[in-house]
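The chains carry the letters A, B, C and D, assigned in the order they are written, with residues numbered from 1 in each.
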Amino acid sequence: MEQITTSMLINELPRLILSLVLVIAFVALNALMLVYMERKVAGHMQKRLGPMVVGPHGLLQTLVDGIKLMGKQIINPEEVDLPLFRMAPILALVPAIAVFAVIPFSEKLVARDLNAGLLVVFAYASLSVLAILAAGWGSNNKYGLIGAVRSVAQQVAYEIPMLVSVLSVVLLSHTTQLTGIVNAQKGMWNIVYQPVAFLIFFICSVAETNRAPFDLVEGESELTAGFHTEYSGMGFGVFFLAEYASMVVGAAIATILFLGGWNGPTFGIGGALSGIFPGVLWFLIKVYILIFIVMWIRWTYPRVRFDQLLNFSWKVLLPFSLANLIITAVVTKL
Amino acid sequence: MKIERNLEEHSLYLNMGPQHPSTHGVLRVILKLDGEYIEEAEPVLGYIHRMHEKMGENRTYAQYLPNMGRVDYLSALSYNQCYVGAVERLTGIAPPPRAEYIRVITTELNRLSSHLLWFGAYVLDLGGFTPFLYSFDDREHILDLLESITGSRLTYCYFRFGGVSKDITDDFITGTRAFIKRLRMHLPMYETLVTKNVIFINRVKEVGIITPEAARRYGVTGPALRGSGIKYDVRKNEPYSIYPEVDFDIPVQDGCDALSRYIVRMLEMEQSMRIIEQALDKLPEGPVMAPKVPKKVKPPKGDCYFAVETARGDFGIYIVSDGTETAYRIKLRTPGFSNLSIFAEISRGTLLQDAISTMGSLDLVIPEIDR
Amino acid sequence: MLLSKTKTAIESIFPLEIKEADYARVGYHLEVILDAEKVVSLAKVMMAQGFYLEDVTAIDLNPDMEVIYHYAHTEGCCRVTGRAYTPRHAPEVPTIAGIYSGANWHERETHDFFGITFKDHPYLVPLLLPEDADFHPLVKEDGKVKQLKDIKRAEVKEQAGAPAAGEGKPAPAGGEKGEKA
Amino acid sequence: MSYFGEIYTGAVSLIAGLGVTGKALFQPTVTVQYPWETIDITPTFRGHIELVTDEETGNFKCICCGLCQLNCPSHCISIKSSKPEGAKKKALDSYMLNFTTCSLCGTCVEGCPADAIKFSDDYNLAGFSREEFYFDLVKRAREEK
């Protein structure tokens, strides 16, 4: 470990601030775009048009919605646990933003290229459950409480197969540094070697972000709005922002681990395409395709039942991911 | 029936409704929960009670007709049919055959629209948003068709004592045939999207078990009863109007669960389409109103009961006349009332999410329950 | 067949109270007129015969309120109407909620509307009316309430005139072709 | 069914579901952008009622018999009429429709012996107060002219 010195801090400070500003801007912009995209995708899947009024094809709709949310009164219901209640939205957003510190958008475009990047990602990601628990418990609402309790069980159940499936990627690339994992995929993307792990990881990341069909935490048909029932204005808005931020994180990690990160397709006929776009663009294209699939899933399926959700994780995902890990370990040692 | 609150226990009392996304209107259910398991459920009614029965005593027979569209706004024409049927039985007015055919065609279209709405709303209850809009897209065509005949889109007041208020047009007939063709094409799509979906099946299978014995104790009727393996349909058991002249089946499933009730309704849509097609083929010429209907309907003294099969079950009207222009007593026996009364029993011991899918599978329309 | 079977079953307990009704005109086959205490034994018979309860309701009459039980069968077409009378000033009927669970709500509703007390009812509080309602909307005002004879069909004449008189009338339910079948 | 069989059929059903919504994504939408686009109202549409004027004389067809007022289940019609001196027929002074309680059942139009009232096709009704829906049909008909 290097010794942290004052001069180092001074040298690093501009870079840190720049990264922070860029990441926050990226997250906010993404949320605006993704909400618009979600509404358009949902609309067209349902033979509707989606937002059409504000701006050309409703492009400015989410911006206006955001402004409206900011203008709303922030209500603190009686008998809430005020510190927890107010802290929860921030607690949800901060880890989602902090994760971006280690995500490499391209070879150079990474705020901090840690050698244990993958671990940092999962450490931060598991914090989100705390935020939901704080929100549900703090708001002194029975729907919120049930939602929060569901969230804990769900996160515990889905984190394990997710980590196990990621381990097999680590076995392949011999590193937990995210740039290292991407570089290891120069020749061939991991999805080709690890389709099962990819599928498990993808399902788990949908569940981790509490997106339909795994959105039991908010499950509006039984829990009205689950953990954020009592939130108004920007309190709700920040949760919303956090949800979309963690959606991007999930898709980004999946891209890095399985879809070759910023690498264009270097195999088959795709090899010719690789040079067309710069690395960042390749990365973002893959991320948005994954996000589109998440949306597609959301607007197609009904919500699963809670016990079945847990059963699916413990009885299907976990055995499959473990088997996959063992097979990978054996094959790489051969 | 009543939930006693005991603060010593570690139970959670959850007040679901009267404003709740899944109670379809203003139904309130007090739930006593142990974790997510329901220990007791107590439905609380009356939030949209309008005392339709009292209105019947204060209005003339003709003036009470518009009320029928408001009792159950989703199958208003079945209610129209029951009421005019009861008054016709009481007074001895006989509608001409063409009117009877038109009544059946429009009522079955109305049943289709009710089932389509239920399908969408049920999947919405289970968290699937998209099928809801697909079924509304189809339902909109029925509403357009019925609007072109009756003049309203939801609370129809179309049948009259001794006939119907307006003859159907050729446009309506071609439109109906085109719609049936369209719906036949769309039903397999619903099947792929919902019926076969593994998440959906897991949500409804073996959920909300209504045993045939319990169904009889509570007086459950309609698709909820037919999902418990009992082949009872007023249209077959006690045929009225022109139902004996058309060929149709009564779909029955014996799973006793929400899935069976779901499948019964989906199969019923096909049967409704068959009835409409046959009725359109056989549609006789002639007037649509009986020749001598008095301006003021004044049935003789006496009582009479008339029952029809609505989209939700057996709806009966019991009229007691004292020989004047207004009824002495009108009793509306609504199917939803009995169907909901079983909810407390079948939801006991199930998960909160199962209660939602059970409630949805009963196809509740609260105004009809509260009257 | 169902009809005759039901009739025999009811007759074995209520030989005097049972009457056959003209289905085409009134929409039910059998009518059982009982003392208020006997509604439970009728419910037991109906349960044993496989009937389900359509509804429980009442009519406000002077001097006795009429409580009505509609039963129907799922395996054919047979409707039975039970009628019991209870004094208007203090209406009271035993509950049948112990036999037909569905009667629980129907009786609560009737209690709301008419103020009829159902003896031994497990939970007789307002169902459709507000919890603190102290009125019964379907109880008629004193001037408007009628007697039983005012709402009954003039049957005496018809019976005297034998079936011929009934057939001579313009078919009462001629439009309901199905019912003749 | 076996463990793997269940997973397989489940996965197939899920993919088939994605196919349905995916196809819909590229199908034309059915939305009508309401304030800018409208659909035609059917001729049978039952809006609120309007007075019919006789094309020859330009007077209202109403003969002031009061049947509509009598037939209305919700008592939302009230007519005032007078008989000017020397005239043969009664003349309509005011025809008030309380649209807040009207249930659009059409009993009034059906019962009218002179065919003097009809349904309008006005479905864009909005207002800020209850009073805006107490329609004076005589005034409305004159304004329309």
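Everything below uses one rule, namely that a contact is a pair of C-beta atoms (placed from the backbone, for glycine too) under 8 Å apart; a residue touches a chain by one contact, two chains touch by 3 or more.
Every value quoted in this text rests on a predicted model; they were computed, and no experiment measured them.
Asker: Going only between touching chains, how few steps reach chain C from chain A?
Answerer: 2
Asker: What's the distance between the Cα centroids of chain B and chain C, rounded to whole Å?
Answerer: Distance between chain centres: 24 Å.
Asker: As a quick test, compute the distance in whole Å between the mean CA positions of chain A and chain B.
Answerer: 44
Asker: Taking each chain's centre as its mean C-alpha position, how far apart are chain A and chain D in Å?
Answerer: A distance of 50 Å separates the two centres.
Asker: Touching two or more other chains, which residues of chain B qualify?
Answerer: 130, 134, 137, 193-194, 197, 199
Asker: Please output the residue numbers of chain C that touch at least 2 other chains, ranges allowed.
Answerer: None at all.
Asker: Mark out which residues of chain D touch at least two other chains, giving numbers and ranges.
Answerer: Answer for chain D, listing residues that touch two or more other chains: 14, 17, 20-21, 24, 30.
Asker: By the document's touch rule, what are all the touching chain pairs in this structure?
Answerer: A-B, A-D, B-C, B-D
Asker: Could you list, by residue number, the parts of chain B that touch chain D in their complex?
Answerer: Interface residues on the chain B side: 59, 62-67, 70, 130, 134, 137, 144, 147-152, 155, 157, 165-166, 189, 192-194, 196-199.
Asker: Please give the residue numbers of chain A that touch chain D in the complex, ascending.
Answerer: Per the touch definition, chain A meets chain D at residues 41, 43-49, 52, 296-297, 299-301, 316.
Asker: Under the definition above, what is the set of chain C residues touching chain B in their complex?
Answerer: 24-28, 50, 52-55, 57, 59-60, 68, 70, 72, 74-77, 79, 81, 100-102, 104-106, 109, 113, 122-123, 125-130, 137-138, 146, 150-154, 169-179, 181
Asker: Quick check on the complex: what are the chain B residues that touch chain C?
Answerer: By the definition above, chain B touches chain C via 1-2, 45-46, 49, 51, 53-54, 57, 85-86, 88-89, 92-95, 100, 214-221, 225, 230-232, 237-245, 290, 300-307, 314, 316, 318, 320-323, 328-329, 331, 333, 337-338, 341-342, 345, 370-371.
Asker: Enumerate the contact residues on chain D facing chain B in the complex.
Answerer: Residues in contact with chain B: 9-11, 13-14, 16-17, 19-21, 24, 30, 42, 44-46, 71-73, 103-107, 110, 119.
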